[in-house]
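Look at the two complexes coming up: subunit A is in both, with subunit B in one and subunit C in the other.
So, the complex of A and B:
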């Protein structure tokens, strides 16, 4: 009779797999799961300090009700963040890909030089970037307006005009993060099969055709991963807004993270700030799952066609 | 000449002297360390060096040690919260900005100074900046009759800055009323050499900067109407007049884009001579008089803020108060109070001003400083300090301030009329008060 029971060796292997995974699981629980569960729990409370002791009052879904019924600034931030993410990431993807193509086709000397130049913004600390661009975009003494004056053009209030303040912040973000996209795209281009590219060069009539029909499809996995990275990071935008405009004028440059920071830290509304954080976390997770699902479905369709 | 000291007695003498020296040195050391060393959390502000100079003086004079943990403004509140909320505090003194006072007082984190040393009161002459050194725990607000919670260490109230060169050229006088300030601003603006008035109307600081306008018009954000009761009055006709004045000054006689002008831009415009008048904290004086940072050294003067229609003057309190946390040992608390008491004495405050600090006493005159022109701000400072007010004297001040800031800022950038902005601010403020347990009454919409 053949037993279905796992052998001693199999049991030992399974045990060993479980034990070897334990440190990673423990780290995940301590560093990721616990903070999120704690955040979720806090979102159902109102926390006050009396006589140097914290007093937790259970308020159920009140914080969420308030967030969805009376809150204004946070939702302005959501709208701006979504616009920010779509605009900034689209520009970064196009620019980063173009820069990577330019470097890929350049000679070895030009390649080293261009890579160095293109990567410069990403090595500058965010605090320096904010300060630097605030000085450049200052209405009275900023470099940008000095250059405009040389051209006989009037000064522009880059950060003080509510109609263009968000565009100015997006511009700084594009400047800051395009090198990141460039780097990943360059790595993707470098890993493409040289023979396929060579064959494409002979089979296509123009460079545009080659890029559109051969390079882009082959680069799709890299593009999707980079896009996901950038969307997630752009939802986390904080330092540029904090240093350039502090969310103003009005709510012209308000973003989600700035609202959470103000609520959580400045106003010390721990419960309400947690509810904002949970809603944001949930929304970003949904976006990522949807994006991944779409990408996988598309890949499946493509493999079926081929 | 024969010596009366034999070799033996000479040796004894030397031993006695050595013993006496050791005893004296020991006693000296004991005196020098009469207080245990203390640590203070403090902000990295422009006046920090003057405070460091006073700490050096204290250590030299008494032998006691004060260690300063210096943190940028943005991170100090979190450091203070982390320390005072723990079982044992990391800091024996915490330097609390006026914006955070109500939160720190109401949380019960500080030891009333009367508990640290029975019967302790602020030395005579020390300013309380609208009673903000005292907290009435029962009523949940600042009150002169409440427990003394701290000693001010920097009296950062607002003053009116004006460029004396431009004033002389146009024959202007320091304004006594808001209308006069507006007239001066328009005269300067029309002349075209400089902006008539530089407003500070960025969202994060607009409530603080609107406060003197509001209170000088005999209006307020809200009034406590009894235990747990509040009347929201920010949308009163007087408040509307105040906001109209604020918006007019910000939009008609100043630089474009006032809705994003923060303190940094304001000081920059004054220091370069591009701004002729502004209302700003007295701590800016040092920068305006620094030859390495200013083109208007010796050309700027300070004055009392303009009065409202009934002659009321108000200046926003932006001072710092040093408190002693409950969660440090009693001997450290006593050492902390010894230092703060030493610091508040008049002669030390004169030294503090000479070192570049802003005093916390109202009895220091130009004569105390040898009538040195470098300290010509002292008269205007003392006058404004007497009129210091706290706009939002309750624990949720930060939440209330942020709630109203958006509407006020929108009024400045033209997205709302002043009446709409005040109605919205009143609704938002009422919401904050109600959420925090107040029974609220509100004026009808404007």
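So, the complex of A and C:
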């Protein structure tokens, strides 16, 4: 009896572990792992839709071959997305970090209200931000051109001119995400060791020296992790581009996600779209693993130093 | 002293300047919701106030916006409920109990990876999967995909809350003869209720805001608010006033969240961001 009891309880505990993890594992397997396998399989087929039924024909690596040889729009999208990610995120980091530094060292009035305002772009639906800026950057009745007219300047076609369209989209993204970087950086600055900062204030001659030699090195891990992951997350961009420009004019603001969407849903090229998805998934996974390794190495270095 | 004061003024100018850059355009667009079409087009700053846009949007024969609001609420509430239950149980087990390292590693690693991969690479596959079993355009399809999409963030968030529980408490409960399940229901669950509220609010907001999934998986009957707003914006003859009114209604949950749970969101967003 007595020897039997712990094993009964152990069994129950084992069962609890299984039961509590099962729903999460099931969701992930059915709706994330299986779709990847599904995409991989589909990418070897050419799928044709005929009267609501689909006809599959095996084409081997043809989809990939086409993607890497004749495709143009997708690769324009890759280039734009990379450019978009790096430019937008660098601006956000510089702006966000300097604002956080200013607020941290000097303090500011109405902190709660300020945080509330800064949270606004982060929590409203991205599609709303797209809509807003589409109205503001509208050619005829937009606020931007209305203000320019007051200054006596001609109307600018913010979203229709291929030379400016990408810059406009990047601007909207900077507007959207700088507050987030600011809040991250502020939290990072506030978690720094107060005594070290105080000592640095004694030892350095100017504010600049203090920032350059003490605050910046201490913040480096936070900065690098934020930078890497903001860049990776920028590859998720879709909503704003969908609404602002739909990738146009031409391929001026084409992004990877929009190419995939168009291939899948507007051109019904399921096999080809799957190949695009698989290539994108693979490339971003590699980048994530590299970034993660880099961030962990930085962390390890820091812990051996201190 | 003067230097300190100077830098304080500078800091305030910069930060409040940026706050103005956020608020200004937002308010300009939202103010269109209360204007007649003629005033919007001519760009009149001072114009008569009207509710007509809301009336047209919600009660006119051609507009489905009321249905869209209802769809968004149903999908948001259902998917959030699923996410919170699943995430809290898994977070407790992963944080407090002895799970085999490879299970832990695989589950969290995959959650992190999925969290960062572009959603658009999955929606094509989801569309085909749900279509092939005849579930395309149903609430079920959208609810389940929203749930899995928001699961990683909720999981990380709940792990940070569960991890903050005192270890001794859980050990003491186990000494007193509680099984794992009892520890969860009697000790952990009541103590992380605050965290669950935060995770609930954020998950709901993300489901409410989602566009990519809803665009591809909903039909006319299950269409959500963001998809409806996008449709508005792409009509040839844009109904500016109604669109602004729709936009205003769609950000109500976000505004409520900011007013009621600011600190919660900041913590939640930070936990989900750098993991």
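Rule of thumb we're sticking to: the second predicted complex is superposed on the first by the 244 of 306 C-alpha atoms of A that agree within 3 Å, B and C clash if a C-alpha of one lies under 4 Å from a C-alpha of the other, contacts with A are read in each partner's own complex, and residues count from 1 in each chain.
Keep in mind that, in the parts below, a contact is a pair of C-beta atoms (placed from the backbone, for glycine too) under 8 Å apart; a residue touches a chain by one contact, two chains touch by 3 or more.
This one's a predicted model, so the numbers in the text were calculated from it and none came from an experiment.
When subunit B and subunit C are set side by side, the one touching more residues of subunit A is C. Contacts of A:141 after superposition: both subunit B and subunit C are touched.
Judged by the touch definition given at the top, the superposed model places A:294 against neither subunit B nor subunit C. Once the two complexes are overlaid on the shared chain, A:86 sits clear of subunit B and of subunit C alike. Of the two partner chains, subunit C is the only one touched by A:27; subunit B is not. Of the two partner chains, subunit B and subunit C are each touched by A:265. On subunit A, the patch touched by subunit B and the patch touched by subunit C overlap at residues 141, 265.
Interface residues of subunit A facing subunit C in the complex, by the touch rule stated above, are 9, 12-13, 16-17, 19-21, 23-25, 27-28, 31-36, 38-39, 42, 95, 98-99, 102-103, 105-109, 112, 114-128, 130-136, 141, 143, 146, 175, 178-180, 182-184, 187, 207, 222, 225-226, 229, 232-233, 235-236, 238-239, 242-243, 256-257, 260-261, 264-265, 270, 273-274, 277, 280-281, 284-285, 288. Across the interface of their complex, subunit B is touched by residues 49-54, 70, 72-73, 138-141, 157, 159-162, 165, 245-251, 262, 265-269 of subunit A. For subunit B in complex with subunit A, the residues that touch the partner chain are 77-78, 81, 84-85, 103, 106-109, 202-204, 255-262, 265, 268-269, 272, 274, 326-327, 396, 398-399, 402, 406, 409-410, 412-413, 415, 431.
Looking at the complex, you find that subunit C touches subunit A at residues 4, 7-8, 10-12, 14-16, 18-19, 21-23, 25-26, 28-29, 32, 40-41, 43, 85-87, 89-90, 92-94, 97, 99, 103, 107, 110-114, 116-129, 144-145, 147-148, 151, 155, 179-181, 184, 205, 208-212, 215-216, 225-226, 229-230, 232-234, 240, 243-244, 247, 250-251, 254, 257-259, 262, 265-266, 269-270, 273-274.
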